[in-house]
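Presented sequentially are two complexes of chain A, the first with chain B as partner and the second with chain C.
Then we have the complex of A and B:
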């Protein structure tokens, strides 16, 4: 396999983790967050600092990122205790803007605009896994593990309660569901797992800066989830594959000047989203979602 | 025990802006019977339900369930104490299946697993199956709520409250829009539940239903409780009838 394809596969895997974890709150709990890139960033910065300053390996650095991301996600989750729908979207947008400012201005920790350079090669359980093929294996293993955990959560009473909240908060609380607590936990779980993607990203590139965690990234992750299919397990993975493969495929099209590829990509995204909302509002995988629902038992 | 006071509201008032939606209402719900709240539109019936279930906090008054104050408790806590309710607009979990709608009602905790082990799980499954059978939704168990007919949706809202194990059911216009056969089936389900010890309070406009299901009737108008008593007494009162049909205020 060429280095380019492996690199693309790794980035798809990392983005699939982001899409799957966002889908956990967006698709199953109905929480529309514009701040998912923040937790990606917190995971990346924490892992990078843990590895650079304390020599932490992938496990420890990722665990640290998950904990910090989970704790900081309370800043997003706490508004969820009180607000619904569009108010939460606004709150998440505010947090996204705030976090980007912190990432770019807290130079002593994040390196500011220049970012953190020289993140050491990744070690996992004492082994060097910086070889691209091994790193791809690590990425796929992380994605698979996260998907297994999320599948278990969704099929549990916790998942049923989240879906109930998504469909009708008032009715859910009338059945004894502590809506605020459940939403908070869902945001914490989602944010913690998003930090795993951040850790993989930091170790893979060995360089990070604020540009990778801006609002556009949050919007791109939302696009992956919606294109693939919200509330489905595989949909976000498919969405991540499509969104990341598209620009790669465009570069192979003849007669397209490289300088215009970015604009054409944006136009195709926009057109694809509009067509999807008209013809397949449940996303590309959304029509198979009844399969996810079967087999749920008390 | 049948006849004991299960729920008590004393001097409840609730004002929205300048409008007194509920005005100094006191009444009790006795265990094992059906009490119906009747009155013209805007009488304050749903507001009273909301105050009883914690969806609204009354401006004044006290609310007790099983002798303990539930005033100011969040509605999910009141629900866990055994006060269940349905809504005029049903509020089903539209994109969940019938089975999921009913199953989630049996799960008081919302963690990865439920407490109580296999015995509790078997009991929950039995509650789900019993609710589905009683409401004749067994064959629709894998259908999403949004794909059900109107009558089936009504029965799903009943199946959900049934599975929740609530001791007190507050049903907001549960039979509106039902055809005759569904309506008969609905009354049978409610009667069976009352016989098994459930206490029911219904908001209902259809006087046929009120007459056939009620053990007691509370009549509200403009936020005030005007009368409470046996159906025969309340329904034969010409002054209340005049108010109900909009002919004259008291």
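Then we have the complex of A and C:
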């Protein structure tokens, strides 16, 4: 039982990293990406290959994932610079579909549908941290570190400029903000941090395949941010806890057929998103009043 | 000959895509609501047709009528119970988008739970291919879907250009206040846009049920394609959406010439991506539309 709780806690930690990093662009910069799972995937594949082929330890494998993820995120930033709102949603959706095809077809690197099996146990600065409790510690340390960095970024002039862009892009650029550069940097920061979650995920499961990086996963991360509350530091973490505890709670309901649990869970996310948008658009942890997001789209 | 075959298949798929994209474009163009749950109208009507025609053996005109009613009702309920309450307090793009996405997620899983997650096809002699030339196979359904697409599109153009409510719909996209000044209720006009926009997906849904088949995730796929076609064609242009749908259908099939089928969706998005980066206003959009 306690192994189960630890494993759930590790998965919550990994997902909280994803939610917090997505919230950085969604909540603060107003960039709505449906492609966050790609960077989770790139981090996971890079870390797995680095560990399997080169025997890299956690820091090296994660750093490699962050760099590659940051570079590839430029493909997402490119349309973000040109267009707003609905166009960017469509572009990120396209990128997500494209990435899934690449993940499942580039067999020599990603192992295709079968994925990568036998990722070695994680080593961190020479120590073996594959024990679940130690690994939970590592996950929480990563989450805490990323939250501290994001908190600092949000409070810096960089963060204030991002919020200015979110609220009124034209006004921000009229005030001399380099909108293109700021957006690109925001996307890069968010994507590289998401790769950390991928690295943890790969080392924890010692097996990855494309299933963990599909559109449904991107949507689930969005659900965490939305349910918890966009533009807040703790909201996404709370959202991740709720979204991951839900399936665990559903399995305790005796009359639900086990094959339908996944579907019922997704239906609850869907319903929660609709109801929150109608009655409480700022999310559970958000400020009571609706946020000042008007004028995002023409 | 292979290329000609792929071209013909592409025309058929393009006709289906065009029909769905036109509905999305009509709704988005007149109400400015980014209706990403549009794919759900497609899935609902397709599954209702399959259930009535295939499972219960209902004659096709009645099954088609039921599918049209279901799609139109879905559009109407979305406008009335989801979009209107949201717009009453906050009209931001994100709020509307997330709510619509939630509906899409809900419907997709509901269909999976109720109808099963397998591929479902409506059997009909119309989808049996005939060899019309040496090595060139065409099913009657291909010709029918292209003809229906042309008929629906012509009717829609007439409707938007010549009838009162059609003109009001175009006016709504330009200036909602002016619509009110002319004594029309903008909410009522928006409802018409949702009903008609959702109903035009029905032929595409039925043809898909007869050829490629339906699965619960079809709504998401259709939503992606409609989105892509609308952007490629130019947001707010119904004619553009139809051309965009046709282009995507052709591109997807012509890609089979050199690529494996699993890349078809990727091809759609390479086309979309190229348009977003190099020509965000699409074929027929005004150059300022993206900004």
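Here is the rule we go by: the second predicted complex is superposed on the first by the 286 of 298 C-alpha atoms of A that agree within 3 Å, B and C clash if a C-alpha of one lies under 4 Å from a C-alpha of the other, contacts with A are read in each partner's own complex, and residues count from 1 in each chain.
Following the convention adopted for this analysis, a contact is a pair of C-beta atoms (placed from the backbone, for glycine too) under 8 Å apart; a residue touches a chain by one contact, two chains touch by 3 or more.
Everything quoted here is computed from the prediction, not taken from an experiment.
**Student:** Looking at the overlay on chain A, is there a clash between chain B and chain C, or do the two fit?
**Tutor:** fit
**Student:** Would you sort A:120 into first (chain B), second (chain C), both or neither based on which partner it touches?
**Tutor:** A:120 sits against neither chain B nor chain C.
**Student:** For A:247, select first, second, both or neither according to whether it touches chain B, chain C, the two together, or no partner.
**Tutor:** Neither partner.
**Student:** Return first, second, both or neither, reflecting whether A:137 touches chain B, chain C, both chains, or no partner chain.
**Tutor:** After superposition on chain A, A:137 lies in contact with neither partner.
**Student:** Between chain B and chain C, which makes contact with more of the residues in chain A?
**Tutor:** Counted on chain A, the partner with more touching residues turns out to be C.
**Student:** Could you look at A:112 and tell me whether it touches chain B, chain C, both or neither (first, second, both, neither)?
**Tutor:** Neither partner.
**Student:** Looking at the overlay, does A:182 come into contact with chain B only (first), chain C only (second), both, or neither?
**Tutor:** First partner only, chain B.
**Student:** If you've got the overlay open, could you tell me the nearest Cα approach between chain B and chain C in whole angstrom?
**Tutor:** 10
**Student:** Show which residues of chain A both chain B and chain C reach, each in its own complex.
**Tutor:** The overlap between the chain B and chain C interfaces on chain A comprises residues 290, 293-294, 296-298.
**Student:** Over in the complex, which chain C residues touch chain A? Could you list them?
**Tutor:** Residue positions touching the partner: 32, 34, 82, 85-86, 89-99, 101-110, 112-113, 220, 224, 227-228, 231, 235, 260, 262-263, 265-266, 268-270, 272-273, 276-277, 280, 289-291.
**Student:** For the complex, give me every residue of chain A touching chain C.
**Tutor:** 30, 32, 78-79, 82-87, 89-91, 93-95, 97-98, 101-102, 104-105, 215, 219, 222, 226, 260, 263-264, 266-267, 269-274, 277-278, 281, 290, 293-294, 296-298
**Student:** For a test of understanding, state which residues of chain B touch chain A in their complex under the given definition.
**Tutor:** 53, 55, 74-77, 79-80, 84-85, 87, 91-97, 99-101, 103-114, 121, 124-125, 128, 142, 144, 160, 164
**Student:** Any idea which chain A residues touch chain B in the complex?
**Tutor:** For this pair, the touching residues of chain A are 152-153, 156-158, 160-161, 163-164, 166-168, 170-179, 182, 231, 290, 293-294, 296-298.
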